[in-house]
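Next up, some structures in structure tokens.
Look for chain A in each of the two complexes below; its partner is chain B in the first and chain C in the second.
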Partner chain A sequence: MPRILLDATEQLLNGLMYGSLYALIGGGFTILFGVMRKLNLAYGSTIMAGAYVSLIPFYLFGVPAWVMLLSSIAGAVAVGFLVELVCFRFLRKGHELAPLLTTIGMLIVIDEAIVHATGAVGLEYARPFGEESLAWGPFLVRPDYLAILVAALVCFSLIFFLIHRTRLGRAMRAVAERPQAAQILGVSLRRINVLTFALTSALAGVIGFFAVVSVGAARPEMAVWLTGKGLVVTVLGGLGSLRGAILGGLLLGVLEFETMWFLGTSYRDILAFLLLFAILVVRPAGLAGARAT
Partner chain B sequence: MDYYVAIASIVGIHALLGLSVYLVAISGQMSFGQQGFFAIGAYLAGMGTALWGLPLLPSLVLGALLAGLIGIVVGFPALRVRGLYLAIATYGFGEVVRLVFLNIRYTKTIGDRVVGPNGAEGFRHVRYVFDRGFTGLQFLGIIAAVVAGVAVLFYLLDRSKLGAMLRAVEEDEVAAATVGIDVTRVKVLAFGAAGAVAGLGGGLFIHFSSYIDHDMVALPLAIASITYPILGGLGSFVGPILGAVLLVSLTEGLRVLHELRMFVYGGLIIVTMLVRPRGLVDEALVLRAKRWVRPRPMPRGGDVP
Partner chain C sequence: MKRLWRIGSVVALGALLAWPAGAGAFQSEGTVRIGAMWALSGPGAFFGKSSHGLASLAIDEINEAGGLVVGGKRVKMQLYAEDDACNPEQGLAVVRRLATVDKVLFSLGPSCSSVAEPVFGTLQKRLDDPGDTGLQLLFFTDTATKFGLAKLSPWVFRNTPDEPAMYDFVVKYLKENYPDLKTVMVAYESDFAHSASTWKLALQPALERHKYHQVVEVVDWRWLDNEFGAQVAKLRRANADIYFSLTHTPSTCPSFRELHRQRVKPRIIIGVTSIAAGEVLRQCPDVAEGLIAPSNFAPITAKAKQVADKAWERYSADSHIHSVPAYENVHLMKVLIEKAGIKNTEESLLEDRRKVRDLLARVGTFQGVVGKIKMNPDDHPVRPRDVDKDMILVQVKSAKWTVFWLPANLKQN
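Right, the complex of A and B next:
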């Protein structure tokens, strides 16, 4: 195979693996938006909160990675409940912009709490998957990227099973489709909202662990990066479409790695955002968006 | 004293940013990318005084004009996109602008300084205001005059036919089109004018701080700029100004609480939205204020059926 094709394929693989992290972030935004019709701008901060919580047992007891993953999930779920309670529970209905601002307020509060707790310096994180790249045929594969891909496959399988094969999932879909009708049929909106928050926050915990592992250190400013990626992927895919979010995440990942390799880092994000703008103009409801809002 | 002057200057600059988002919002669109126009205005106005030796006023106008023109260019594709999709599409535009400035180099060596947009280094040494011996207070006067001028324009807009057209498009595009309003023109015009207002703010900012870089126009500024009008309320142009005054003076004024400052700030945003979900100056308040200023004559008893 000619060199250029080989490089392109390697970056394609990298992009798909890392893009599955973007897909997970977008998935978290999307599930919440799909069920509650509200955007949670504090989601990126919830992810980072989970990662930071998992640092506590790591620094105190040097626990293995799987304990860190679990504590990241536990931390994110706790923060997620807090976000639901503070930002959504007591908000009056029918004001679209209000939840944007309450979650912005929460984003500021969580980020500030992290900065206060850590002194805003990057904190070394565990490297459970080693540093050595694996050779797969002619390609080199980073083990932490591979782990992200596996985690995304597991998470999305569980999520699709939950949504399409369980009573809870059916209730969630009913609320997403017609909240009032679902309520008349005996579905408790409050319960579904809280459970949706629990689900997306648990996902945030998984994302937090793998995102920080791939970067190698936990930094407070990662919350902004995660929020940016999440919003882009969510909208690129089409608000409320989980398949769209997965597609959008993978597309963004591949695009970033290909442009980074062939054009350099400085063009990576310019091209990604130009493409976002272009895609939205051509497909105003996102890639998978039949349901425009 | 200098400290309060600086805070007041930032309030004025951010009020322009808030008004820019407001102007797009009252045409029924949602922009999360006005910081991009702010950056364009800042860089061009900075180049005007620092590189091309222009006076302040023409430089500001130049920056605002270019930002406004690009606003119109962005306004056309934006027509196709709505709601949150538009918010993210415009955020994409804002990021493209930011990243272009991260990569652009256009410098001159003046004296012993390298002046001009210099990639990740930012655009340093825009010293027009300092070299001309303006005091902070005098420059605050200039900022206040610009904000006041823009506020007067918004006041006139509110009572003009164009203002009514904007509100009509916001309320119901189809209905607006059926009564003969050119929806396309109104929306694109709103984008262009909003771009110019943000660009003006950027031009003032770079002369106030003598410096700007790409990090200053990233997501946090985007978040701040939509926070002002939403928190202040979209009922009147007073809303975004009030939002900027409150939030900027809070962030800076709460320095006495320095440890807890941002907690109070975030908490206040949440509480305000819980109590007044449509912002401080919402439509109902504006209506009441108008009735209070100009009470309608009471209907005579005999006319009531």
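Right, the complex of A and C next:
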């Protein structure tokens, strides 16, 4: 195989694996938007807060990675409920921009709380998937990236099952499509909102664990990076579309890796946003979003 | 009634915010006001918080020993530390506050060169020129390192590393001591002024000047990036003898892990000056093993160890190349303030600042934590109001910074 093709294939593999992390982040944003029609800009902080909570049993008791994963989920769910309570529950209807501001505020508050608690120093995280890359023929594959890919497959399978095969999922879809009709039929909007927050926050816990494992250290400023990637993937895929988030995440991952290899870091974000503009011009609702009516 | 209550609350809050911090201080209250602007929040907070801790330790030591003598009276030092968040706009607001609301005698900081540049631009450019209405506020900087910043105003003095000289030494040292290592690869952070300028203004010119090493690969990334696979794959392909990792801890640790994963094994790794701190040891001591960094500080003497231990105990502050100068600056300023004959009143503030500035410009050599430091005078042809100090090479060994090379005049004890 010519060298350029080998390089492109290696970056494609890396991009798909890392892109599945982007897909998970976009998935969290988009599920919440799909059900509540509101953007939660504190989602990146919820992810980071989960990861930081999982550091407590790790540093105190040296617990294994699966306990850290569970603690990250528990921490993220607790913070998610706090975000729902403070940023959404008591806001009056008809003020669509208010949650944007309250969640930006929460993003900053959580970030700075972590900065003050940790002295702004990054904290070493567990490395459950080892330090060595796997050699697959001419390619080196990171085991933690493989784990991210597997985690994304498992999470999206569970989410699709929950949304399309359970009563809760039916209720969520009903609230997403016709909230007033759903209410008339006895679906509690508040209950569905809270459960959606619980679901996306649990997903945030999973993302937090795998995102920090891939970096090797927990750092508070990762929240802003997670928020940025999540928003790009959500808009690229189509607000409210889970399939779109998966597609958008994978596309962004591959684009970033190929750009960094062939053009360099400075072109990475330029090309990502040019792609975003182009797709929004051609398909304003995103790759898999519903057409405007 | 409700309306009145609301208006009253707003007025009270406004009054509270507008009230000058520590109003009623100065000589009559027995304090000398010291200002500081550092990155105390945001991604640069690691640097700001450690400088804050070391400066606070120096102030504690001075105050616990009875304070300083001004106008025949013992007064205490009081620190007014403001957060610029490594943000130029916030820095511009903070410098006004320090000069006109906090009314400090001088200021330490800032942490970031990107803040220092616009902030120093607001200071007076020509002393004794009544037409120059720039701020007359003395800065004695501990961290902002970019080459040439002290030239921006005669009110700026810096106790910061001379990085072009340090990297020139490193290249010469490698050439003389490791003549068989000839190929070089470099990584730097394109969005971090310190990292990019270390490459473009310090290391690259040094490599060109010595004409010995061959640069086979240069990669860049952002300092808060999380993924380094593609760039490290380029380094893997370059397979150079020497790797200059001119990056800060947030990108150093994950990129080192990626080097390890991709089995990239340069014979020598040299880091950026700021890496010689505790943060890298807490985040990735295993993959940082063997890393060498040029520095001006290492706990090599009893005094240096004592300072580092106390700063950590009291303030959880890391002692390193950028934070220890904050400690040194406070102690030097204590001596100068006592000598300057200031009145320490609100009315004499501008006059007092000028007296202290002029003394600092003439201070010459003073004692630092690990050795002597020489302050260049106003008329220095290349680096006015910057310092010359001893350089050390430190290396990570068994999760600790150890001395790799010391100049002959410094002894480890």
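To be clear about the criterion, the second predicted complex is superposed on the first by the 290 of 293 C-alpha atoms of A that agree within 3 Å, B and C clash if a C-alpha of one lies under 4 Å from a C-alpha of the other, contacts with A are read in each partner's own complex, and residues count from 1 in each chain.
Note that in this section contacts are C-beta pairs under 8 Å (C-beta built on N, C-alpha and C of every residue); 3 or more make two chains touch, one makes a residue touch a chain.
Given the structure is predicted, the values throughout are model-derived calculations rather than measurements.
**Q** Superpose on chain A as described above, then tell me if chain B and chain C fit or clash.
**A** clash
**Q** For A:Tyr18 in the superposed arrangement: first (chain B), second (chain C), both or neither?
**A** A:Tyr18 contacts chain C only, not chain B.
**Q** Report for A:Met222: first if it touches chain B alone, second if chain C alone, otherwise both or neither.
**A** After superposition on chain A, A:Met222 lies in contact with chain C alone.
**Q** Is A:Glu112 touching anything from chain B or chain C once the two structures are fitted on A? First, second, both or neither.
**A** So A:Glu112 meets both chain B and chain C here.
**Q** Determine, under the contact definition given at the top, whether A:Ala120 touches first (chain B), second (chain C), both, or neither.
**A** Second partner only.
**Q** On the A-aligned overlay, A:Leu195 touches which partner chain: chain B = first, chain C = second, or both, or neither?
**A** Touch partners of A:Leu195: none, neither chain B nor chain C.
**Q** Would you check which partner chain A:Ser214 touches, where first means chain B only, second means chain C only, and both and neither mean what they say?
**A** second
**Q** Which partner does A:Glu132 contact after superposing on A: first (chain B), second (chain C), both, neither?
**A** second
**Q** For A:Ser266, is the partner it touches chain B (first), chain C (second), both, or none of the two (neither)?
**A** In the superposition, A:Ser266 touches chain B and chain C alike.
**Q** Report, in rising order, the residues of chain A that make contact with chain B in one complex and with chain C in the other.
**A** Common to the two interfaces on chain A: residues 112, 266.
**Q** So in the complex, the part of chain A that touches chain B is made up of which residues?
**A** 39, 41, 86-87, 90-92, 95, 97-102, 104-109, 111-113, 116, 224, 227-228, 231-232, 234-235, 239, 266, 269-270, 273-274, 276-277, 280-281, 284-286, 292-293
**Q** Mind pulling up the chain C residues that touch chain A in the complex?
**A** Listed in rising order, the residues of chain C that touch chain A are 41-43, 45-46, 48-49, 190, 219-222, 224-227, 229-231, 233-234, 249-250, 253-254, 257, 260-263, 278-279, 282-284, 316, 318.
**Q** Considering only the defined contacts, which chain B positions touch chain A in the complex?
**A** 77, 80-86, 88-89, 91-93, 95-96, 99-100, 102-103, 218-220, 223, 226-227, 230-231, 259, 262-263, 265-270, 272-274, 277-279
**Q** Would you pull the chain A residues touching chain C in the complex into a rising list?
**A** My answer: residues 7, 10-11, 14, 18, 112, 115, 119-124, 131-133, 140, 142, 211, 214-217, 219-222, 225, 256-257, 260-261, 264-266.
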